[in-house]
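A, B, C and D label the chains in the order they appear, each numbered from 1.
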Amino acid sequence: MTLETVGFGVVAALLLASSLAVVLTPNLFHSVLYLAAALVLTGVVFLLLEQPFLFAVQLLLYAGGVVTIVVFAIMLTERLVGDRIGQASRHPINGAIVAAAVFAGIVGFLIQAPVRATAPAPAGDTTAALGRALVGPFAVTLELLGVLLVAALLGAVYFARSEE
Amino acid sequence: MAVGPLTLPILSVITWLPFVGALLIMFTARHRPRAVRWIAVVTTGISTLLSIYAYATYNHEAAGFQFYEKVPLVPPLGISYELGVDGISLLMVLLTSIIISAGVFASWTVAVRSQEFYALLLALVTGVYGVFASLDLFVLFLFYELAVLPMYLLIGIWGSTGDVRPRGIFAWAYRETGVGTKEYAAMKLTLYLLFGSAFILVGIFALYVSAGAASFSFLELEAAVFPLGLQRWVFLAFYVGFGILAGIWPLHTWSPDGHASAPTAVSMLHAGVLMKLGAYGVVRVGMGLLPEGAADLVWLVGGIACINIVYGALSAMAQTDLKYVIAYSSVSHMGIVMLGAATLTEAGLNGSVFQMFAHGVMTGLFFALVGLVYEKAHSREIGKMGGFGNAMPGIATAFTIGSLSSLGLPATAGFVAELLTFLGTWRSGHRWWLFPAVAGTFLTAIYVLRVAKQIFWGPPSPQFQHLEDARGPEWVALVVLVLVLVLFGMAPGLAIAPVDTATVPLLARIVGP
Amino acid sequence: MTLPTRLPLLVLLLPFAAFVVLAVVAPLRRAGARAGLLSIAAMSVAFMAALVAWVEGFRGEATWSWIPSDGGPIATVGVLVDPLSNAMLVLVTLVSLLVQVYSLAYLGDEPPASLGRYYTYQSLFAFSMLGLVLSPGFLQMFVFWELVGLCSYLLIGYWYQRPAAARAAVKAFWITKLGDVGFVIGIVLLWSATGTFDFGELFARAQEHALAIDGLGTIMFLIYLGAVGKSAQFPLHVWLPDAMEGPTPVSALIHAATMVTAGVFMVTRAQPLFALVPDVLILIGWVGAFTALLAATMACVESDIKRVLAYSTVSQLGYMMAAAGAGAADAGFLHLLTHGLFKALLFLAAGAVIHAVGTNDIFRMGGLFRAMPQTGIVFIVGTLALAGVPPLAGFFSKEAVLSGVWEAHLTVPFLMLALTVLLTAFYMFRVVFITFFGRAFEAGHPHEAPWLMRGPLWLLAALTVAVGIRLAVGGGEHEAPGWLVPLSLASAFVGFALAWAMYQRGLVDPATFSTALAPFDFLARRRYGIDALYAGLYRALVLGFARLIGWIDRYLVDGVLNVLSALTLRAGAGLRGIQSGRAQDYVYGVAFGVLLLFVWAQLWR
Amino acid sequence: MIGLQAYLVLAALVFAIGLFGVLTRRNAVGILLGIELMLNAVNINLVAFARFNGDLAGVVFTLFTISITVAEVAVGLAIVIAIFRVRRTVEADRLNLLRG
């Protein structure tokens, strides 16, 4: 049992635990905090996969951006409602069964899939290569993404703006 | 006939002008009801004048398709915008012009959303013109759909709701489907006609594939030879598909409900022209492209036509709602049209086409009159009316003339049509067809005169105090239609001469020269 | 085209022009009397022209293509001028003219607009009748045949606000149309067999014995059915008495002198064709004679003066048809002409009486001779002519008919006709005695009609006498058995004496008499149940069947459809439960879809 | 050495948990959080494949996914707020305008 294995085990356990907490906590606010934890832990998984740059992006955008927005949203709606928003689950057993079934299905595939040879770990810093790929083969996609983000921004503003 | 590069594409102008009118109405005449009407009058009027011009200048010696135009649309698939008319389609184009001109005047008083009403009406007319003028089956089908679909809105929005009591063993179904409401009628009509058009589409594609010429052009398909088995079932598909629109029994029930619910101009156009679209399709596409299949199946066409004639007349007799009477009379008269075509004789086919024209004008007149009566008396119950002749002599006169044409009285167009059909039946392979056909005219005399007597004769009904005769624009509609009925009744050669140039070659293809 | 065809064409087109002007120029039509004057002017010129054509004995034919077809026209229209049509032209224009003049006074109290409408119809009728007479072929004849039927319908229904008039008009149209169904089938069959409607061509072929077509008998019988309807032969005679709901001048013109004789005219015209089918001729003769007798018996019990005359018309039409059936079409046609004169006279005179007393019921009249002697005299002249008293016109034509029927060896029809002579005299003098003599009934003051009405009456009376004298002088060609004249005169006298004894002297009580003949009386008063039979058939068979079909269409044919659509709606309603509108439920759907994909991928790949 | 399988199973588990959240949460924001979890699971998958196949494209995709997710969250929350303003609730059960 190497250190890596232990690390993965710990991270995986924590990730699963925080994920479960996200979907099970009755308090919505707590749920968001657990989500933040889960996102950070995902970032750690990225680290384990030797992608430090993604880890940074994950922390900045996700854990930083998304969580902030969600917290804002919750506070906004709570302010409008005037009391705390409760969180109960509907048909948890059905949900659990379906989710478990989907999980089983995926695992079923994974078991059957042939194990392929693992490529060697990338040498050196992959961030530069990533940057080149973004402006190289994926340049158009990147531009389209920019358009999408602008559209989403406008859309969000439109939806959320107060009535005149 | 050679067409120089500078010639006016007269058929295109006739066809698209109403559409242009519709666009103009939608974009320039918002909240200006008078402008709406004048745009409609001018655009349909120019179309009418052009069709009269085309009718007058049609070259009888040359015959065949004239005023030919062709613009390739999708060359790889052989789809092109191809227009041309022969004697039959030319008469139908003329009929369309007459009916829409009268229809525009007859619906002068539409108050609710007249802008949309007229725009839809004109768009519909473009579809009708297009079907009659198209020589490309694909484009013909597109026009056909354009002619059918606005109907839904026109009936659904501007229609009127009738009264049908749920009875019989299927009463529960009547309650659930809302029989009698205008929405029901609109939906029924649309579904029926789309059902029919599915058959037509299949037939067209079957011919397209089988001919292997990669062309939807009527002229090229006409030259192709199809195996007999294919001809049979494709003809059947066309017969059912187009026949639904022509009101063949037992697929006719959309027509009484639809016509009864539709607003005046729409009933006029629908019964007057759209039903002819069906008959025209059977003759032009069915018989024209599938001569042997048609010759094999005329027993069916003619037999059902006989049922139509008698059954329609008897049903009309049983109705208590004026609009339903007229609607069922259409079912009966369309039987004459199909019967004439099924005789496969020159006289019969000429009679059939002439009846399309005569019935178009006549039923247009009837629906215009019914609309007027309804507008003034606010009732369609025949039993409640009486003695209207005193207050509305003009309407009564026009109704009488329409009735007389309906029962085939000489000097009206109806007589010539029926006579030619009768002459055709006895020379066809199924002589007995003559008897139901003649019986139909007698039954028509019974119900039509009965209705005329009940509404216009007798002592004035005290329920209806403030009746008045037709006014201004309404007169235009009535006078035009009555004049056409009488003119073509007295001088049938006007119509038969060009029609004959088209029917003779058609018959030569079916039964040999 | 030469004068012999041009002049009759002018006769034809003048009333047409009057009709078109009246129909189109509404202000003139609404002016009433002025519209009448226009129509009368057109008729007078037409009458002159017709007279010229007749006197000159024009012959000729001109036709134009009407319905074209690839191999020459299917149908032609035109004029056929020969003595037959010339005589009819004169009769039609003369009676039309007189009736139109008479109507000016008779209908003088009508609103101007109605009067204008009346003259519009009158002009149309004159045109149609003339067109019928001049027809060179069956098709044109049928065309105008229907048009005169239309005019009859319109004029019977002239007072359209009276329910009885409306009913009678429609009934007349339907019943004659029923006969026309046969007519039209007949000419369709004839055309299919010969390829022509043209009289000239058909007669030529008949002469050359080149008309040996299968079922010619059937064809001619069907054509004859048209005449049965139009000329009110049994069993389609029921419409004519009801047609008396129209104004009296209309009855005189259309339902006595001209239109109803169209059937006889047609049979006369087509005589060369009917001659080829003796069986049909015999049938025509039998039906004619039977009609004559049947109608005469009904006339004897009728109390409405116009209806008596109507039954008398039916009866006389029977004579004409019987003559035609006996092959003596000339005699029938002669009777048609003379009958046209004196029956018009009788109707117009009856109109004057009705105008004066305001009722049709003869038992509410009486002693009118003193109040209106001129009308009385002309009525009696007409009566004598109808009863067949020499030297009036009716005598000679009736003798010709009787001898024709006798010579054709139609013994039973002959006996029926002879009996009818007796009945004719009886019912006519019954009317004369009750109306003009006897006790004055009405408290009012009946007075002589204005000269506009009396003029035509006197003219017709004079013509009746003049034609009779003309026939007496020149009409000795036909070979009648010597006993015929005494027999018919005796019968007529017996009829007269009976009427005199019953209604003038009171020697015989009519009630006792009718008790003695109770069965006949019972049946005749109920019109032998024929009207009731038709009404019953119409209600039970036609309307009943129509209701049944209407019900089937609405609730079975359409019902199947509605069931289909209702089932579709129900299925839709059932399926819409799945569509809860909650996005999460749809996620379940996605998840199940994914699971299905998994299963499919695992198991069936 | 941790194999690809382990990462994939981990991702599948996170995905299932996220799905569970989406299916069972009553609050619209809660559903959104579930979706975030599922997307994260996908990201783990992508990165894992990228690492073990030596192909950078997966990482690029992840970057894109993250960006799109941010946009999606922003729009989603905007919609939630808009709905909330109109209907005074973010209870998913009551948001059934799509019902047939």
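By definition in this document, a contact is a pair of C-beta atoms (placed from the backbone, for glycine too) under 8 Å apart; a residue touches a chain by one contact, two chains touch by 3 or more.
Note that this is a predicted model, so its numbers are computed, not measured.
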| item | value |
| --- | --- |
| Between A-C and B-C, the pair with more C-beta contacts | B-C |
| Rounded Å distance, subunit B centre to subunit C centre (Cα mean) | 36 |
| Mean-CA-position distance for subunit D and subunit B (Å) | 60 |
| Rounded Å distance between subunit A and subunit C, as computed from the means of their C-alpha atoms | 99 |
| Chain centre separation in whole Å, for subunit D relative to subunit A (CA means) | 7 |
| Multi-chain contact sites of subunit D, meaning residues that touch two or more partners | 19, 23, 25, 93 |
| Overlap residues in subunit A, where contacts from two or more other chains coincide | 90, 94, 98-99, 102, 106 |
| Pairs of chains satisfying the touch condition | A-C, A-D, B-C, C-D |
| Touch list for subunit D against partner subunit C, complex | 19, 22-23, 25, 31, 92-93, 95-100 |
| Touching residues (chain side subunit C, partner subunit B) in the complex | 65-70, 74, 113, 139, 142-144, 146-147, 150, 153, 157, 160-163, 165-167, 169-170, 173-174, 177-178, 181, 184-185, 188-189, 191-192, 542-543, 545-551, 553-563, 565-567, 569-570 |
| Contacting residues of subunit C [partner subunit D, same complex] | 575-576, 578-584, 587-588, 591 |
| Interfacial residue positions of subunit A with respect to subunit D in the complex | 2, 4-5, 8, 12, 15-16, 19-20, 22-23, 28, 31-32, 35, 38-39, 42, 45-46, 48-51, 54, 57-58, 61-62, 65-66, 69-70, 73-74, 76-77, 80-81, 85, 87-92, 94-96, 98-100, 102-103, 106-107, 110, 115-116, 118-122, 126, 129-130, 133-134, 138, 141, 145, 148-149, 152-153, 155-160, 163 |
| Contact set on subunit C toward subunit A in their complex | 584, 588, 591-592, 594-595, 598-599, 601-602 |
